[in-house]
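Several structures are given next for inspection.
Shared between the two complexes below is chain A, which pairs with chain B and chain C, respectively.
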Partner chain A sequence: MSTSTAISILQCGKTYPNGTRALETVDLEVVSGETLVLLGPSGCGKTSLLRMIAGLESPDAGGRILFGSEDVTAQPPETRNVGMVFQSYALFPNMTVAQNVGYGLRIRRLPEERRRARVAEMLEMVQLSALSARRIDQLSGGQRQRVALARAIAVTPRVLLLDEPLTALDAKLRESLRVDIDTLLRKAGITAIYVTHDQAEAMALGDRIVVMDHGEIVQIGSPTQIYHAPANAFVADFVGSVNRLQGNVQDGVWRCGNAALPWPADAPVGGVVMVRPEDLRLGHEAAGAISGTLTARYFLGNRTRLLVDIGQGAPVLVDTSERGEFALASQVHLRIDPATMIVLPA
Partner chain B sequence: MSMDGRKHTLLLGALMAPAAAFFLAFWLLPMARLVGVGASGPQGMGAYWSVLTNQNYLTSLIYTFVLSALVTLATLVISCIAGLFLERNRFPGRSLLLAVLTFPLAFPGVVVGFLIILLCGRQGLIGDLTKWLTGEKLVLAYSLSGLFLGYLYFSIPRVILTVMAAAEKLDYALVEAARTLGASPLQIVRDVTLPALGPALVSSGAICFATSVGAFGTAFTLATNITVLPMLIYNEFTNYANIPVAAALSVVLGVVTWAVLALARSVAGNTVTVAA
Partner chain C sequence: MKRSPLFYAQLGFTLLVCAFMVVPMVLSVMAGVTTNYFVGIKSGLTLKWIVQVWDLYEKTIYLSVGIALACVAITALIGVPAAYVLAQRQGRIARLIEELIVLPVAVPGLATALALIQFWGPYPEFRTSWVFILVGHVIFTLPFMVRPVLAVMLTGNLRSLEEAAATLGAGFAQRFFSVVLPNVRGGVLAGALMVLTLSVGEFNITWMLHTPLTMTVPVGLADSYASMRLETGSAYTIIFFLIIIPLLLALQYWNNLLRRNDQA
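Our next item is the complex of A and B:
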């Protein structure tokens, strides 16, 4: 059933009639069958890019969009054969669940028999077979989003476009639906482009993540690359939490407090050192460690977040899975594994 | 608690009393009286029967309801297209155009009738134009077409405003979703826009129908060749002092219009589930 397609975005920018530059000129290749996540804060251009692929917006002159080798730039959304899932679900309130899922098939004049079979198959896939005759306003948010997914996939689109599909749902449901969507996309083997501002969602779903900021693509990489080797401070900050540590570099050694770590050979001159909270280890002695005072602690269940004042202005965040007292105002010694040190241009 | 509840009910009753008194004095009593008067003539209840069997009355009834239905239909089609266009497009002069479009709302029916006479009466613009073009003067004002135009004129502004309000609430993502699923513009109108506007169209259409059935000023100015129901009632009442028939006609007019409104309301409630 898979008709997944590679997508090429060539020199596409978007300027709105009022002069707003929503997207700088970008190039992007989407591999057939992959799930690509466009991640960034609101206004970063990720939705504009997605809508361009859908055909709901057209790129500025010179931009081209290819589905496989077919240039679809001039095609309206009606003929592109994409599936789109909206943040607001956008289900037709005047139709039942089954009629919504079958809508694209009805438009394609698929014979009644085959349409019915496909709708049943789709509803089974999203585990909503029992609700096929329900009206949309009788469904919960999570059920609505599953109907929207089934409707988008039912037409075997060349690419599935998801615009913040989980944003309107509560945290718990978001997490379980995330797993459902992931399973579904893998099973369908469909090319999917997923827009979100939620880094956890991006990590969980993306084969690759495209981090965007101010209309530009800042980094493209696998979730681990994005997290462990961010291209710049924006990516490091946006994807998870990160500490900036001030130190001195001398003779190939970086010093901060009592800690002395080898300065990477390829590190930029005057680079900023960043360490993720979970990469800071609690030690027992001051030697070779950065020492500070514990100013706050938050028990989060699977870990405890500590705020440590090491005399550098902003407190250092430390995530530990150790069970301990963590008495406030006590001395804490932090150790850094050199491998976890992120050095970025200042 | 129960003491409180009783107090609450009493208070509610006291607050409702003026409305109830008003309803009784100015709706229920006159209506009962009207129904009674309708049956008070020499024929008794037969007056109601005669209204439906007498050729003159029946013709007038049919004319009125068919005319109103046609006006309603035309109004809905025109206003729906115009309202959607005005809601979806921003262009210079749009707010001015909107203000001008709602202008006829302020006109009494007589003025509307007057305007129609100016437009397509014997000395009207259309008459002059057609005479110049074909040598034959086209006079529509005093026929059914004149009434049709006049009614259309005062119906359109109301419906346009209602359509615009409903279109504003239409989630545009629905249209985009339909487009990505392959729907053509016409299919989108059929499957998304009209169902979304349905309740607004039915309710404003019903009001348009009721207003047309009861329109008097315009009819009074224009209806020289045909007699619509309000004119008929006026004539029976003032010229022939045939008060029972006037009352019976009024009751029939009221009942039919009310029935149409009620039907529209129940259909509007169902379209949401039945459509598609």
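Our next item is the complex of A and C:
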């Protein structure tokens, strides 16, 4: 199966009848075959945008949605040929697993034999062949999610839309299903748009991530770009943890404690310096480092998170994979690799 | 296991309440098969009153059952789409209509009947046909179909089920029949049970709307109590039970059967 359609969202905004502005006017190009993740806190407009692409909401006047070169703005969902996976799964309780997966094929009047073959293929893909005759209420959450996925892909949609498909599941299952979904999307080569508020999910699945906030697109980029070169403080904060460090810039050098780092030439004047917890290294000497007092430590298995008071109000977060005692109230010296310094407009 | 005194107190109270409701019914049923109610059981048991009622009022029974079944069909045909629209619209007008549908239950049946007679009086053929009574029953029982169906529609995630069906290519009619209806069947059946019982037992409106040729069972019951021996009226009550109980059991059985099929 290889259906991949590029999607263009042109000047689309969404205002609900009660006056709520869910989405500011945005433009977005989805490359054919890619997995694009819409990431943002709840109420940021990501679901509204997804529902618009599905045809479940219509954009405000002037907005247009193209599938390839075809303008689908005025088309209802049933003629758009999209596959959608809902947060609540939305599986039909009056049908079996196989009937759910075959629903779209039945609507398309596919001959019984081909329909059966396709359903079997889909169930095998999501490893649920043994449960084809089960009722939906006899399935676990993870199984339901896989049925929903199989049902959406069975119709060979032009684009697969996933609305927080893993939110309702527990952490462990979420992680394993994330891998399954990723493998599936790669294999199918299908254009997919994935909505989530979970940055780890976005990082793992997205070819590109669109970070949204208050109905606006804040940044579009690859997971590494979003993480290492966030467009603003909101993105830096939302995607992973980050420390804001106060210092002084003088003669092209930024100083904080005993640390002195070259101030990037393209950095904005009065910019704020941010450093990820894992980019702060523990050193043994005070010279050239930011020193502070260890106030708390949390062993997290693969790493230890330290809270260090450097006299700037909020404690600095440090993630280290070193094994050590990390005695509380001890002196800690932190070093920063200039390459990991993120400078953003204040 | 040793039961506490509280258990026996509760059991006693429950039995007392049951007796309060059941004893008069039993007495009435007994009266229907007693040769002479005033003499009592010792006057002997007989089926002659039942036979007499059957001879006199047989037609009322067919009419009642016919009207009740037609009433269930029509309230389902109107009520389910109405509930669907009300479930879709969350506005104030929708809520107002929801309340308006219930109005005929609050307004005395006599008033509803009077309004119908005033309006349809000029059309004697309609006025004297059994369909006229059916109209009254539909007006009165419609909320009992709309309410349970609406409740089921609002509790489930019917909206996202419909959306899922739409994204899978199903148009409105396909969605309605393959997804909406099967998933609100419980509400429709609950409504049908209510409508059926209410229609069979409806007296207020029917009493005003009926003609001597369009008498239903409850009207016939009043007629027999008013114009004949007490035993005849009681025999009529027995026949009433004989109609309504199997009807209800059949519906309940059908409901259970569907549910079992679902689980199979």
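Basically, the second predicted complex is superposed on the first by the 346 of 346 C-alpha atoms of A that agree within 3 Å, B and C clash if a C-alpha of one lies under 4 Å from a C-alpha of the other, contacts with A are read in each partner's own complex, and residues count from 1 in each chain.
The definition used in the following text is that a residue touches a chain if its C-beta (ideal position, glycine included) is under 8 Å from a C-beta of that chain, and two chains touch if they have at least 3 such contacts.
What you see is a predicted model, and the numbers here were worked out from it, not measured in a lab.
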Evaluate whether chain B and chain C can sit on chain A together after superposition, giving fit or clash. clash
Identify the partner contact of A:Ile53: answer first if only chain B is touched, second if only chain C is, both if each is, neither if none is. neither
Considering only touches as defined above, state whether A:Val82 meets chain B (first), chain C (second), both or neither. both
Figure out whether A:Gly104 sits in contact with chain B (first) or chain C (second), or with both, or with neither. both
Touched partner set for A:Ile9, first chain B, second chain C, both or neither: neither
Per the contact definition in the header, classify A:Ala90: touching chain B only (first), chain C only (second), both, or neither. both
Where chain B and chain C land on the same part of chain A: residues 54-56, 76-84, 86, 88, 90-94, 103-104, 107-108, 135, 151-152, 155, 161
Where on chain C is chain A touching in the complex? 157, 160-161, 163-171, 174, 178-179, 182-183, 262-263
Interfacial residue positions of chain A with respect to chain B in the complex: 54-56, 76-84, 86, 88, 90-95, 99, 103-104, 107-108, 135, 151-152, 155, 161
Per the touch rule, the chain B residues reaching chain A in their complex are 171, 173-174, 176-184, 187, 191-192, 195-196, 198, 271-273, 275-276
Report the residues of chain A in contact with chain C in the complex, numbered from low to high. 54-56, 76-84, 86, 88, 90-94, 103-104, 107-108, 135, 151-152, 155, 161
